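Structure record follows, encoded as structure tokens.
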Amino acid sequence: MIKKITSSIMIFILCFFMLFALTGCLGAREINDLEIVIGMGVDKDEDTGNILLTAQVVKKDTAGRTSGDASGGGDGKAFWNVSSTGDSIFDAVRQVTHKTGNRLFISHNQAVIFGNDIAQEGLQEYIDFFLRAHEMRPTALILVAEDRASDILDAKPETEKFPAMNIAKLVDTYGFTSHFYEVNMKDFASCLMSPTTAPLVPLVSIVQEKDCMDIYVSGMVAFKKGKMIGKLNHDEVRGLLWVLGKVKSGVLIVPSPDEQGKAVLEIVRVKSKVTPEIKDGSIVMHIKIKEESSLSEQTTAENLATDKAFEKIQEATAEVIRQEIMAAIDKSRELNADIFGFGEMLHKKYSSKWKTLKDNWDEIYPTIELDIDVETKIIKTDLLKKPVSQSEEEK
Amino acid sequence: MSIERGKINSQQLLFLIAGFVQGSILLIDFTVGITEHQTWMVILAGLAISAPVILSYVALAKRFPGMNLVQINDMVYGRFLGKAVSMYYIFFFVMTLSFNIRDVGELYVTFLMQDTPFIFFLVVFAATCAYAVTKGIEVLGRVSHLFVVTGLFVIISTFILLIDQMDFSNFLPLFELPFIRIFQGIHIVSIIPFGETVAFLMIMGRLNKTEHAVKRTFFGLSIGALSLLVVAVRNTAVLGRTQTIWTSPSFQSIRLINIGTVLTRMDFLIGIAQTVLIFFKCSLFLYVLVVAVSQLFGLKSYLPLVLPLAGIEVIVAATVFQSPVDHAMITQNAGIIYSVPLVFIFPPLSLLIAKIRGLPKFERGKET
Amino acid sequence: MFRYIFKKIGYLSLINKHMLQNTKPGKNNNKPISPDLEKNLEVIKGILHSSDLAVHEFNFGHDRRFKGALIFIDNLADKKEIHKNILQPLMYDALLLPMDMDFTQIDTIWKSLISMTDNVKVTLLGDLLDSLLAGAAILLIDGSKEALAIKAGKRDARSIEEPGTEAVVRGPREGFIENVNVNIALLRRKIKDTDLCVEKYVIGEKSKTDVYIVYLRSVANPKLIEEIRTRLNRIKIEAILESGYIEQFIEDSPYSVFPTVSNSEKPDKVAAKILEGRAAILVDGTPFVLVVPMVFIESFQSVEDYYARPFFASAIRIIRFLSYIISTLGPAIYVALTVFHQELIPTQLLISIAEGRERVPFPAILEAFLMLFAFDLLREAGVRLPKPVGQTVGIVGALVLGEASVQAGLISPIMVIVVSATAIASFAVPAQTDSGTILRYIYLALAGIAGGFGVIMGLLATLMHLASLRSFGTPYLWPVSPLNLSGIKDVFIRMPLWTMSKRPKAISRNSSDSCNQDPGLMPAPFKKGSNDSK
């Protein structure tokens, strides 16, 4: 009995290890063998018309060191921008191995930057790989370069080690201004799948300052049917975000009541509600915005912390917001792109009528009427109750 | 007399059923492609439709205490027809189990470990299931609540982690899809997670007390359905329109978790939960299959059959389907057609025949 | 070569013969004692031809007309005692008794002269020898068919000290010692109840070791006691040198890495377990007392949990669970993540790991094995060596192996952190150190072969194995699985003592009223209002 059990256990163990010996370790990849990609750029090769893929790879021997003692390896850069061409993105990804000696590991890809030429041609055909590849994460950011993506990846920032990380950080902090917003792969795919909504993607530009190049997000670009059709500037994007309720924070500048200077407000909280309505065949969008802000700066000597002043500032703020929204709407009408997703809102409320509306949405969209109602409130004045001025006190 | 000596109590039955239904979490992804944002109501409708049928299983098991499905079939339909019906059930068990085993392999090959051979996962997974089955139903029953708690923990925690990315307007418009698609969805849901509980007819005979069986079964079913519902709601709310394009919406929604760049890359949560839950389901199914086959051949113990049948399952899983697409097509189309009589017709019919012929009393007299 | 082997075999057979000869007289041990003193002495000397056998022949009584002999093993019996309490009364006090007293009757001597307790009358030679070897002095009287075995044994015992393996901050400092009688006394002092049963067994053909089962008759499950009896009676072994021998013969699953019999050196701990309905098995010659049945959760409980207030005790218990998880899974998870699932590591961390590993020539799995091996080596060396040297080993090991290998680029710094965390965590749950060490290597191998999948499969198989284990009829994972809600109060956290009014259901005698205290003992301050209303 015991012998039988022992022998069966032995056989089991033997089988177990044979199984491992025969099949095991095939999926193993040591970290040493990884080329960790933290950013990717997609451009068009001007000569051949093929895809020019630039991958930003971490240099493992210098990456961990502080920038001070990076003198050991080469030019002191912690990254290596390796590029290759191919007929498709995946082809190019595999072509890179000719240069790196290792397969690219793109799970840690922070951002995919598309060059201007690619964006104009249309992202529909290039986005597939980034959604389908198992290593790509749907949280990777999507960006469009003002010119070429590879230039953006080349611009070494002062504090960060990796340009791609820097860009991801730039986009991540959009909340302080609400001048653009974060768009990841999944969001972009979601908009692409919608028959009407026009996706927006942040636009990164390079500005030459003294001897170094700085990267900044200069706005957003709108896509229609996968093709880039136009650019929205900071205020227009915020106008859009007011409607979508995605404004996190930001600065509003309004003239002070005595028109001597400015009152600068910081947006604290925003709530918005959009209710579509179909009335006698015409579509009205009721946009209701509730905004709360704090008085963060003032440039006049007048004491703004009074009920009267507040009332005036609030009115002025509402007007500023309304203007921003109108700017965004004018732009979207000009591009004839439904950047607000009004179509989806209608779809959700009037699903039966939507079927007829959907087919000629391009004609309907510019005719949509808007009913904007902005309510603003100043809720705090930060550390000061009164401005630092003598004259106010004397009165 | 009986092949299995272990006993379970009705509380364990509750968790067994709940864990079994939770094991189908990966399989809702089939339905999502058809029913899109209305999956949640399809799950509820599926539960509503299949609950009475499943409760009829309990009634059947109560009527034939201590007996399993094969014995009941023999008794109700006579020796030859009964055997034929049992064979049909065994075919169903074989196919369903191979679907599930294949799911694990696909999960790993697609998402977690792309470079490891597919067959490796199947073999190791089936071997582990076989090990669990050799421990008997009593051990499976004893640990069932651990699996359910793990499943619930992952489902609820991922729901909470994703709550700031949810957009509940994704559920609108409430009714949009054509009824035929909803119907198809209900059909799939009522068979795949819920209808498969017909396998419990092989287990319910081991209940030590049948007093609360109906209540507990329903409760277990509700826990399972609730888990599926939460997952479906999470996926729809997070992914919205895109949920239909992913191979596994659940996986993609978990990959979106990003809280303060610290709580991120939580794929392991769903990996663990799905592996563990499918393991539980497959172990139960393998147990049911092994017991059914040994009962059919009149063996004294089911243990010698565990490894051979697990091996057969691996071969079936590896060879019957060519690709995940094929797998999904067979399950969605053929699978739910041939299982309809097994799930919806035979058990209530058996109950009816047993009632008319007054069967168990007659047999019990003979036994004692 | 062959000659050597044959020589060995010849030697072995010689030993066998010798042993047979040795055991031969043992077979005659059932002979009765003969009334002839000389003959008896001859027989005894014949069997025990050992130089430490002391035979003292003497005449006593009026006119010294009675002949007697006192036999004892020189170093086992206490000569002072013998002199004072046996010889002196026989030689002198006997003269004070009436002349006509018949001292050939052992009973007369026993009752009127011997001033020692714990005496046994023996009639068989075998029993006589057994008592003699157990340290008794044997009084043989010419003309009597009986002999008196007088327990005059002295025993060198260590004083009661704090046990080295289970030190506590708060709680009694006493520990069991090698003398089983002292140990039983220690238990008796904790549980002064008439229900406390002590059953004696003598196991071991040569060692004749005293083994005691101690339990509470009204609380312990009678089936459990019956099971222990049958398992103890089954043991046919030459010698029991430590309770570990008993453990390995009575445990439920000898093929499992998990222990199903617990042991302790602390009387308060054993007493607490006896009060829950468990049975303790005390073995002479070792301070380690076995307690059955054992459940897995016990390994994470410490006596101090119950002496400290519940909040801290619960926190510490959670830490113990975590540390067990870290100690078994730590290296495995690290290897699975860095070799198979790099996408789950946060980007910054991945980059620093990659940087640390850049010069390491080994695959991560080998690196982990090397480090774990080095750790186990250091630990083993540190335990066996004398204390001051052991510390040196630790320092040298930590400095040389840790620091220098990182400097040399053989091991990545993160691996050192992982393995040291594992090492520290492995000491937090002493009862499962064995299983933890083995599982750590198994999981590591699984992780190296199949990554996360391997680890999950390993965990599931372990769970199934644990759930299928039983210890003397109690499911090993009780009360977690099968689920017992009143038992779970004392698993992951320790509820206050006043909430735990019931004995563990799966362990103690299954009666509905198995309460060990009144329910509703929750302390409450004196309430003014309630008194006023009366």
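Things worth noting here:
Going by the order they are written in, the chains are A, B and C; count residues from 1 in each one.
One rule holds for everything that comes next: contacts are C-beta pairs under 8 Å (C-beta built on N, C-alpha and C of every residue); 3 or more make two chains touch, one makes a residue touch a chain.
Quick caveat, the model's predicted, so the values are computed rather than measured.
Taking the mean of all protein Cα atoms as the centre, the chain whose own Cα mean lies nearest is B. Looking at A-C and A-B, the interface holding more C-beta pairs in contact is that of A-C. With centres taken as mean Cα positions, chain C sits 47 Å from chain B. Taking each chain's centre as the average of its CA atoms, chain A and chain C sit 66 Å apart. For this pair, chain A with chain B, the centres built from the Cα atoms lie 41 Å apart. Multi-chain contact residues of chain A, defined as those touching 2 or more other chains: 24, 27, 29, 137.
Residues of chain B in contact with at least two other chains: 113, 116, 120, 124, 261, 264-265. Looking at chain C, residues 340, 343, 450-451 sit in touch with two or more other chains.
Those residues of chain C lying in contact with chain B across their complex are 340-341, 343-346, 450-454, 456-457, 460-461, 463-465, 467-468, 475, 477, 480-483. Across the complex, chain B meets chain A through its residues 110-111, 113-117, 119-120, 123-124, 127, 169, 172-173, 175-176, 239-242, 245, 252, 255-256, 258, 261, 264-265.
Listing the residues of chain B that touch chain C in their complex gives 11-12, 108, 112-113, 116, 120-121, 124-125, 128, 131-132, 135-136, 139, 141-143, 145-146, 261-262, 264-265, 267-268, 271-272, 275-276, 279. Interface residues of chain A, counted against chain B in their complex, comprise 16, 19, 23-24, 26-27, 29, 131, 134, 137-139, 172, 186, 189-190, 193-194, 347-349, 351.
Within the complex formed with chain C, the residues of chain A that make contact are 5, 9, 20, 24-25, 27-32, 34, 36, 38, 58, 60-61, 63-65, 105, 107-108, 110, 135, 137, 165.
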